[in-house]
Amino acid sequence: MTQYVFYFLSFLAILSALMVVFSKNPIHSVLYLVLTFFAIAGHYVLLNAQFLAVVHIVVYAGAIMVLFLYVLMLLNLNVDAEPVKKNWVKFAGVLSGGLLMLTLVATFHKAETMPLIQDNPEIGVTANLGKILFNEFALPFEISSVLLLSAMIGAIMLSKKDTKK
Amino acid sequence: MGTLQAIPLNHYILVSVILFSIGVMGVLLRRNAIIIFMCIELMLNAVNLLMVAFSAHHGDGSGQVFVFFIMAVAAAEVAVGLSILIMMHRNTNTTDVGFLNKLKF
Amino acid sequence: MKELIWLVPLLPLVGFLLISLGKSYFSKSLAGIIASAMVFGSFVISLGVFFDVLNGDGKPTTVTLFEWIATADFHVNIAFLVDSLTSIMLLIITGVGFLIHLYSMGYMHDDEGYAKFFSYLNLFVFFMLLLVLGDNYLVMFAGWEGVGLASYLLIGFWFKNQPYNDAAKKAFIVNRIGDLGFILGIFLIYTTFGTIQYSGVFSEAVNMADQSPTIVAITLLLFVGAMGKSAQIPLYTWLPDAMAGPTPVSALIHAATMVTAGVYMIARSNILYSLAPETLGFVAIIGGATAVFAATIGIFQNDIKKVLAYSTVSQLGYMFLALGVGAFTGGVFHLITHAFFKALLFLGAGSVIHAMGGEQDIRKMGGLKKYIPITYMTFLLGTLAISGIPPFSGFFSKDEILAHAFNVNPIFWVLGVLGSMMTTFYMFRLFFLTFMGTFRGTEDQKHHLHESPKTMTIPLVVLSVLAVIAGFIGIPHVLGGNHWLEHFLAPVFKDSAIHHHGSELKVSTEYALMGVTVTITILMILFARNKFVTKRFVPADDSVKQGFIPRLLANKYYVDEFYNAIIVKPLNGLASFSYKFLELKGVDAIVNGVGKLVVFISSQARKLQTGNTGFYIFAMVIGILIILALNLFNK
Amino acid sequence: MKALLLLSGLGILGIVSEILNFKKYIYKLTIVGLILTLGITFLEWDNPAPLQFSNMVNFDNLAISFIAVLVVTAILWFLTSAPIFDDSEHIADKTTLILFALVGAVCMVSYHNVTMLFIGIEILSICMYVMAGSKKGDLASNESSMKYFLMGAFATGFLLMGIAFIYGATATFDLAEIKMYMENSPEHLELVYTGITLLVIGLSFKISAVPFHFWAPDVYDGAPIQVTSLMSTIVKTAAIAAFYKLFTVSFASQSIAWECTLSYIAGITIILGNLIAVFQSSAKRMLAYSGISHAGYLLLAILANNTSGGNALVYYTLAYSVATIAAFAIIALVLQAKGDTNFSSFEGLGKKNPLLALATILSMLSLAGIPPFAGFFGKYYLFTSYLENHGIGLVVVALIGSAISIYYYFRLIVTMFKGESEEVIPISGTVKLVLILCILITVALGIFPELLNGGW
Amino acid sequence: METPISYVPILIQLAVALGFVVTTIIATHFLGPKRKTKKKLDPFECGIESSGNARVPYSVRYFLTAILFVLFDVEVIFMYPWAVNFKALGLTGLLEMFLFIGLLLLGFFYVIKKGALKWEDNN
């Protein structure tokens, strides 16, 4: 049964990803992207990464995409103001994207198919992740707060209008 | 998890590579900065998927923790990127990257 | 004295720093005095060192100052190698250098850049000393680059006007081409021998297989460097342009010292070269060719400094010819004598220009004999020396070179004689046109004429004495002398002497060769005298140059006709050809062409940077694709 | 370790200063703090237990020396860049951002786990994106910031993909374990190779190597000049150090996977960078292109794939950073005085501002690699370390490149002594100090290269 | 032991919820009377003719709030794994978290100080 779920989710993800790229209206792109995220979250569940699935939904679909929508409305971009590229440019873009995929795939087609054995399905559980995160990865965890801080400062500095002097 | 064995790892690699390439394609095709951001997000998500698949494959949690960090970074990047976008829009009234061609040669 | 060796380069450096820092505080004369004093100091020390070496055993001594680089498996010290060759070079550089400093105090007297000029001069002397003192190739390279830089500064000294700047830049760029070869050679040496210290390299090299391709490659690369510095075909074009600099600079850098760096370098690495006969042959050919080629050009120049410049190129050709035929001593010998008489000639020319108020065209001079007698006398001595009239110094050094050349291959001898023949011709042409006959300049120039101040004439006199007697340090055995220089330098060249197998010339042949050269020389002098003094012929303006042969033929003697038919016409043809075509269109064009090409490519390549983000990302993706594909097919 | 903590602390101090209204002192405080950091860093030399925080970071002597280079550069930079801190509103923000960028850089030179590498890179990049756009009203600044962000984020995608593949093969992020895996016959070669290639791509972007250099000239050109100087010194140093660590520690045994690719990249980078620089009319942009070519030289050290390569890197980055800081400080002064950075604005500098002229000459000579200045030995060590186990081919290319570079470096020098300029450019005391320091360092490193090359 | 299967109840609930919503919408659509006139479809703006795009640009302040929300959101996410094994991690975990939170709090004060959350001042 999981096969079908997997294939369905993959199909959904890829299709909506394509729609993100090709739909004219940015708002639609955002919505399709949300759909993609849900599909990926489904994959996480399949992979026993339930916690990540939830986080993924919360962060991406819940926060980042909302932010995108905000900006779209803020800048009033719901109408597609984007000038269309020349056809040959489009063609070249599609072509090179496809080529990239082919080359990446080609590197694996020699590889014998590795069965996905899950000798330890417990790792996805929040508790286990927490142990790893707060023991091994304590330093990156603290440093990432520096990252978020600098993002915060940067965002305020750039997007807030200066007080008139 | 007998059922899961039916899906080879390569399928996951394939899916994420496809998603990644679609993201790249989007970056190449679109000129609207916001859409380009989204496509970059798509690329990152493809990586996340791959990471989780590998981590499940190896039964090693650090992969998922790494994904965790990727998400944090993605959030930070989006925050900064969008503020840059806002600033640019405030000055030029457009989000079309094709408009950025003053600096050249 | 040897333990004081580090003072020799230090003093000029101190002088440079003092002057360049304290420029604003010193009075003009003080700067000059400081500079000269510094050089004089190092001259005294070098004198002491010289006598040490003279009385000591032939062993070279190394004086290590401090460790420069020391990676795990690689050491370079700032260390000085003191042996006979070094001590002689030291004497020339500091001695001639001092005289020229003295001279400049007079010559540059009313130039606002006076102090700066002297600081540069000192800087140059410092680097030159570094070059000859170093006991490994890296130090030599540092000095090598340094002198290039200093000459660059000095040529462009009057940076107000563009042509001088261009000349400076040209000199620098051409030298870079040479340096590229040089440093590649050094890298190759390092990869081959694992060290770049002379002692190590040479001792390694001696046990190396004869004429191994690596050695050939190394020597060739080094020689490319020498070509650049010492203005050999095809990299000589910068030297004539370098005459844009002040005359003392031309005397010091472009006659006596810097341009002979290449000769020194090859003499220093003589062992490597004698292990690579192919290279030696190549060197000989280049040298001989340059000697003749430059001489032919010299015949047609009317700018007094240009003539001397070309003659320098051709004399350098001589030295390389000497090295090429394995006569290392001969090469060094000629280097010494040439340093004296060429410096003398340049300074003399400078004095003439000084008297003429900046005029450099010999067609506008003439009859200066009675106005500037001292310059006249000294210049005459210099001219005799360069054209190799016994017993002046030029004779001995040239003779030695020619003898060895004949010994190796008569063709080289013929080339040599041809060169010396033309040298004599154009030098006397220059001499006669300048000092004999009647004055051809304007009236106010005539009033302006005056003998130069003492500071300028004293160096002239000293140099002329040297130019006369310098030859006696190397009187060949056939003339009853015992070649002192040869014995002195023997320890440096002993290892290569083994490889250099050549039968001694028969005494009779040697006399014959001398006889031939001397006679030809004297004939050339007479011809020149007859043409430029008796006939009072003055080369016409460039516009009607071609037309003068018919006019000459109109009133002629049989001898004239003969000479014209045999010598003048072909020479003119050759000269004008090599000057107009090769000089202007050929070599020069190549040198400039490279630069132009680079600029052009650059102007195209920058178009890649379209400024369009989409294009950038696209290009990046293409690059990624290519890399991935390569990686895919590598597996 | 202490350096990392101290720098973060300083950054946080910046935020506090904003909150508690003492931000007018933060500039001075920062400089003092940085000097302190430098001292503390040296105390950690020969660290007995370099591996810390469950092997997340490794403060061995190489890392320490890189940190020292970074901090020295930062100090010099802060002293020269007072102008961008003079707007009262953002002084604390900018200081904090730059200090956090330093934190990221320190992570990049001291990581022992790919996670730290990734986070370090991201902190550095994000701070740089913001700083590039810190001149908010200026279109050029916006454009450069936008371009930098777009391409940077794009490249990050590839970097992450590479990390993912490596993880897929090795099931770990720890450098030592990856090394172990690589050394005893990896079974998932295809994953390893692709991963390494993608990492080469991602990191080449960060050091702006051809063909991933396109962002560099525009971003450098558009950003405020002080930020440009920061990018071309600290960012480059950190990136190349990270590159070196990853490839010579972990992937050394798999060098077949990357050697060929990287050699090509290096060669093309050197030639193209130098070529395009020849035609530039703006000194700022010229330095941007020359920076690209220097990235090419730096790659030689990675290709050398031995420890002496690391020493060469430390030496070269220091020499390059010092010279670049000086050059940019001078350009900034000229920009302030004449309004643009074209070569023509440098005319007559030689006579009016001897100090500026001297500093320019020395830094240009050093960048061009003319003995006896620091730059020469930087190149020299790079080449020798490369030659230890490679042919001479790439070195020849590099030499040709530097022969070309002579042209444009000297063009600036010659221009300074041409023409006349009416006014003397005023120089503040601190900038004077920095210029003199740079001159001293450049000359001292040239005369006593041993100062740095203790060999660790 | 968590497996995808143990998520089935959630799925069922989801299905029910969605189903309910959809059905109601469709139902109203069909049941409700439909008399469309131009006036009726106009958005009612106190009787004034409506003009222009319905979506007017927001002010940057909303955006700033959104950004800050995203950042703090991510930070909150970091707390779950800590919370679930609060005991297991013990003091060190607590300290780590305190440091983390401390920094975030600092950021929060900074935001307030910068006036990024002020709504009334209009600049």
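Worth a mention:
To keep things simple, chains are lettered A, B, C, D and E as they appear, and every chain counts its residues starting from 1.
Quick note on the criterion: a contact is a pair of C-beta atoms (placed from the backbone, for glycine too) under 8 Å apart; a residue touches a chain by one contact, two chains touch by 3 or more.
On a predicted model such as this, the values are computed, not experimentally measured, just so you know.
The set of chains in contact with chain B as well as chain D comprises A, C, E. When every pair of chains is scored by its C-beta contact pairs, the maximum goes to A-B.
Taking each chain's centre as the mean of its CA atoms, C is the chain most distant from chain B.
With centres computed from CA atoms alone, D is the chain lying nearest the middle of all the protein shown. Distance between chain C and chain D, defined via averaged C-alpha coordinates, is recorded as 43 Å. Chain E has its Cα centroid 22 Å from the Cα centroid of chain B. Between chain A and chain B, the centres computed from C-alpha atoms are 5 Å apart.
With centres set at the average Cα position, the gap from chain C to chain E is 83 Å.
For chain A, the set of residues touching two or more other chains reads 2, 46, 48, 51, 55, 59, 63-64, 67, 71, 74-75, 85, 89, 92-93, 96-97, 100, 104, 107-108, 111, 114, 121, 124, 129, 133, 135-138, 140, 144, 146-156, 158-159, 163. Shown for chain C are the residues in touch with two or more other chains, namely 606, 609, 611, 613-614, 617-618, 621-622, 624, 628, 631. Multi-chain contact residues of chain D, defined as those touching 2 or more other chains: 15, 115, 119, 122, 126, 129-130, 133, 136, 146-147, 150, 154, 190, 193-194, 217-218. Listed by chain label, the pairs that touch are A-B, A-C, A-D, A-E, B-C, B-D, B-E, C-D, D-E. On the side of chain D, the complex with chain E involves touching residues 12, 15-16, 18-19. Residue ranges on chain A touching chain D, taken from their complex, read 104, 107-108, 110-111, 114, 135-140, 143-144, 146-147, 149-151, 153-154, 156-158, 162-163, 165.
Across the complex, chain D is touched by residues 13, 20, 23-24, 27, 33, 36-37, 40, 43-44, 46-47, 50-51, 54-55, 57-58, 60, 62-63, 65-66, 69-70, 73, 76-77, 80-81, 84-85, 87-88, 91-92, 97, 100, 102-104 of chain B.
Those residues of chain B that touch chain A in the shared complex are 1, 3-15, 17-26, 28-32, 34-35, 37-39, 41-42, 45, 48-49, 52-53, 55-57, 59-62, 64-65, 67-69, 71-80, 82-87, 89, 94-96, 98. The touching residues of chain C, counted against chain A in their complex, run 614, 618, 621-622, 624-625, 628-629, 631-632.
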